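Think of it as A, B, C and D in the order they're written, each chain with its own count starting at 1.
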Amino acid sequence: MPSPSLLQEVVADAAPLLGGGKVADYIPELAKVPSQKLGIAVCTARDGVIGAGDYQEPFSIQSISKVFALVQTMGLYEERELWQRVGKEPSGNPFNSLVQLEFEKGVPRNPFINAGALVITDMLQTRLSAPRQRMLEMVRNLSGNEHIISDRTVAMSEYQHSARNAAIAYLMKSFGNFDNEVEQVLHTYFSHCAIRMSCADLARAFFFLCNKGASLDHRNVLSEKQNRQVNALLATSGLYDGSGEFAYRVGMPGKSGVGGGIIAVIPGEMSVCVWSPELDSSGNSLAGIAMLEQVSKRLGRSIF
Amino acid sequence: MPSPSLLQEVVADAAPLLGGGKVADYIPELAKVPSQKLGIAVCTARDGVIGAGDYQEPFSIQSISKVFALVQTMGLYEERELWQRVGKEPSGNPFNSLVQLEFEKGVPRNPFINAGALVITDMLQTRLSAPRQRMLEMVRNLSGNEHIISDRTVAMSEYQHSARNAAIAYLMKSFGNFDNEVEQVLHTYFSHCAIRMSCADLARAFFFLCNKGASLDHRNVLSEKQNRQVNALLATSGLYDGSGEFAYRVGMPGKSGVGGGIIAVIPGEMSVCVWSPELDSSGNSLAGIAMLEQVSKRLGRSIF
Amino acid sequence: MPSPSLLQEVVADAAPLLGGGKVADYIPELAKVPSQKLGIAVCTARDGVIGAGDYQEPFSIQSISKVFALVQTMGLYEERELWQRVGKEPSGNPFNSLVQLEFEKGVPRNPFINAGALVITDMLQTRLSAPRQRMLEMVRNLSGNEHIISDRTVAMSEYQHSARNAAIAYLMKSFGNFDNEVEQVLHTYFSHCAIRMSCADLARAFFFLCNKGASLDHRNVLSEKQNRQVNALLATSGLYDGSGEFAYRVGMPGKSGVGGGIIAVIPGEMSVCVWSPELDSSGNSLAGIAMLEQVSKRLGRSIF
Amino acid sequence: MPSPSLLQEVVADAAPLLGGGKVADYIPELAKVPSQKLGIAVCTARDGVIGAGDYQEPFSIQSISKVFALVQTMGLYEERELWQRVGKEPSGNPFNSLVQLEFEKGVPRNPFINAGALVITDMLQTRLSAPRQRMLEMVRNLSGNEHIISDRTVAMSEYQHSARNAAIAYLMKSFGNFDNEVEQVLHTYFSHCAIRMSCADLARAFFFLCNKGASLDHRNVLSEKQNRQVNALLATSGLYDGSGEFAYRVGMPGKSGVGGGIIAVIPGEMSVCVWSPELDSSGNSLAGIAMLEQVSKRLGRSIF
């Protein structure tokens, strides 16, 4: 079990990496985030959440929301329905490439690349009357934090720079794999991405992933089998084109976001969330990966 | 711990799948293998090897040899030297595609696609004076079976149908990522592929992968860290373009071969080898994956 | 010079081909066109238009409108401005592929693939206050037929099936190569495609291409140099992925549309328009190409 | 008709371009060629060859040999046999890309990219007992110069840097579109490329292309129809990925080589050959294209 002092050491060890990466700047709102942040939080059944550094400061969860969206969809659709619209394989290409999507007739490789998350959001849009509100309820319940919001300025800024995602959505529509209005789904998608949560919120919210699908307050978010499936997908595809490297260095299923957050789990033991806004060349948090590598090393934990 | 009767049930449950796949036929020698075979062997520290079905019958290990070759290379080269010549990421494309190799300047995505294994074999060729003999020694030592051989007829048949692998090797040579004569390396590569081992041999040989790098007779094949790294690569890239599906369904690091064998490990517990020659559309053993799925389900074991 | 009887023979010779191709059916409105049509018209300085078969029947000009749009753009922009937004090279891929567009950073290969025509339409949208009306004026003036209209039902039907073109436009927008609202430009684009003209109208309208840029009524549509440039682009890229075959068999600069029309020119001599709605596998009129091949053969004319 | 003084002006006008391109240096032997060369020769039925600048100096014809090889093949195979092994369409990609070749199942786009020329050479190897000698005979006869040789040092140097061409050939072999030994065909191919001819030799040798297939000494090299076909292929695919630009600027069927030569024809009038070793970014002679553009402009000749 990690102790607060161990987490403080992990943060201290990662501090020299600050300055070596690059804060996401494809939208002006994200570029404004101070780059010098470092936070880590761990959640276990025995101790609940402990943390170090900036672990209580909310940040834009961005693509980490794709895991929430997938989990929500697994509760609304049959397994068969879901996986005929999106695949389970690593993409092997930069995360927003259209080449593979065209080659594979509009079926995205997995739910964690943009194309896959857009299909998932399209499926939520079909079944939910107020998908943005339902997502907020989900993350508030899971994290036990009623103050979580989605940042409208960030969401709007992303929408205004969404030509590439629109292209992806229209391409899937041309293959018959997109049912709702593209603009509407993009708004929902960016609302999800713009949710602000802290490392503490996220470690708590994703505790179910290390607990056979059961949340801290003992609700079944996923079945045990579904939970293993989500972890498997995270392990093979959670860090874009850095998933293999992440497995090699860290050895935990995980998901990153361009806001600099990464969530990861050691099944049966703990959920972890790290945050540091500077990204490496694969779009993953530079110091975040280093902190997770240290956790893995110091605890002697890896799924491998 | 699996019992012999459990393994017999697993074999019996998989029998109805026979006839649903297709034996590899790209070389005449492989097409001759009887398709109705089903075998499974498990190796644990306590019980050694137990098995069911055709688990003592040798078969062509084919791409499973890529794991032995990688492990050998990790002992001969510095980590840095190795990974500048081959990547760690899933390929996201059919296993023999040249597109990605060209796009990425001759550096293969990982050591388990053909391009990656050819680079690895090129590296072995550079450092070893008799690479084919050294590979035989390795597999004989690890499995404790001195009678293991490489089938010359199969190796020669593969060499005579090696235009695509030659194209891959020459393409890497054109990018400066191939040092030896292409023909010579191909001969070594096919000699490795044509090694004949049984499920029992393979489960025993790969026991180190679930045992922190230490073989059954307590030799350190890999360091604990290297062992985790190999398992991570197997989990993300071991089953070609079916790696995500395999993680989702089975949840073990594994490696398949077109001869119908698959090896897999549950770290800390056991190594497993299954064999059934009929392949699915991704080139992996159809009944083999089903048997591993059953093992995972009945034992309640998965890394996720 | 072709005679009316020669044109009648050309039509008669092509009749047995009817039934061998496939009418475009990607939108319901186009699929309604009777497939058994055959028409040809030739325009020379001496004789004006002569024709045979269904040469006076209007049809949907579709991609033939891309030539009018390019010519209009050449009159509104400097040469340098135009060609930094679209290339001059054959595409070497099916006409609507996004792969190449992504690889080449949103700059389409040439003005005659959909991506290129969308950029051209975007440029017209920027400079013209009423681009649809201006296009109608242009084709009415050039053909001397005041009754030419754009079919609103066809245009609307195309708009409702425009997901792929929207994807292309948004992809270019994501690369900064698209200035106006995508929806607005698509409406203009489809209005151009839905213009209805007969072989006689088109042969007359494109007479300037064989006449050093001067129309039948002696207006300079293009400079002599610009005219050679347009013909060069038509020769290398006018028939999608069948341009090489068309040059090989027919040997005239030309442009096809999925409505079954093809216009072609013998510089210095004549413009030709053929029409037959059934298409070959490259999306070009099957009997139309055959008629042009016969014209080329019987007149002993080819630019090569 | 061009006069000697016009050609001298064309050479003088192109001189300021020297220094702006880059001599091919992928093999050491080609990099040794002095870069400051400029030559032009024109051949007409009335005047035979006239020239200016370095038009009598032999250089490495390189890919210009692909035209001779195609013409030879057209005399040895039925039209149908030939075009089922190689296409007629522009490649739309850099000249040595394997992507398209793999996508199109080992059938090269046209005879003028490397893959296409290798298939053509494979076909010659099958039908001719001494293909290198037969090629020398052909170019000696056509140019009336018995002293033409192939430079063995250049051919050997190219063979030693042929990994990429070997990859292309083996890829086609894997698709069943390559019959002979790869090494043997490569030797023949490089022997053709290493032929040394002057602008005068080449203008004379290719006179048949502007003369309905008949050589200066009245032999039928190609039928009139075949000749139009070759010119059509040159117009759409002769200058790699600069074919569209060449048609736009020059308007003549042509073929370039990395030795800096370009041959071109004005059907019915003349053949032209220019030479200047510095290449542009598409691999075509920078000053060579400029000289051809001047010829086209000053004579008012273009096929368009």
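Here is the rule we go by: a contact is a pair of C-beta atoms (placed from the backbone, for glycine too) under 8 Å apart; a residue touches a chain by one contact, two chains touch by 3 or more.
Given the structure is predicted, the values throughout are model-derived calculations rather than measurements.
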Greatest separation from chain A - chain, by CA centre: D
Inter-chain centre distance, chain C versus chain D - centres from mean C-alpha coordinates, in Å: 32
Where chain B and chain D are represented by their mean Cα positions, the distance between them in whole Å: 48
Chain centre separation in whole Å, for chain C relative to chain B (CA means): 55
Every chain pair meeting the contact rule: A-B, A-C, B-D, C-D
Chain D-touching residues of chain C, taken from the complex the two chains share: 87-93, 100, 109-110, 227-229, 231-233, 235-237, 241-245, 247-248, 251, 253, 267, 302-304
Chain C-touching residues of chain A, taken from the complex the two chains share: 97-99, 102-103, 163-164, 166-171, 173-174, 178, 182
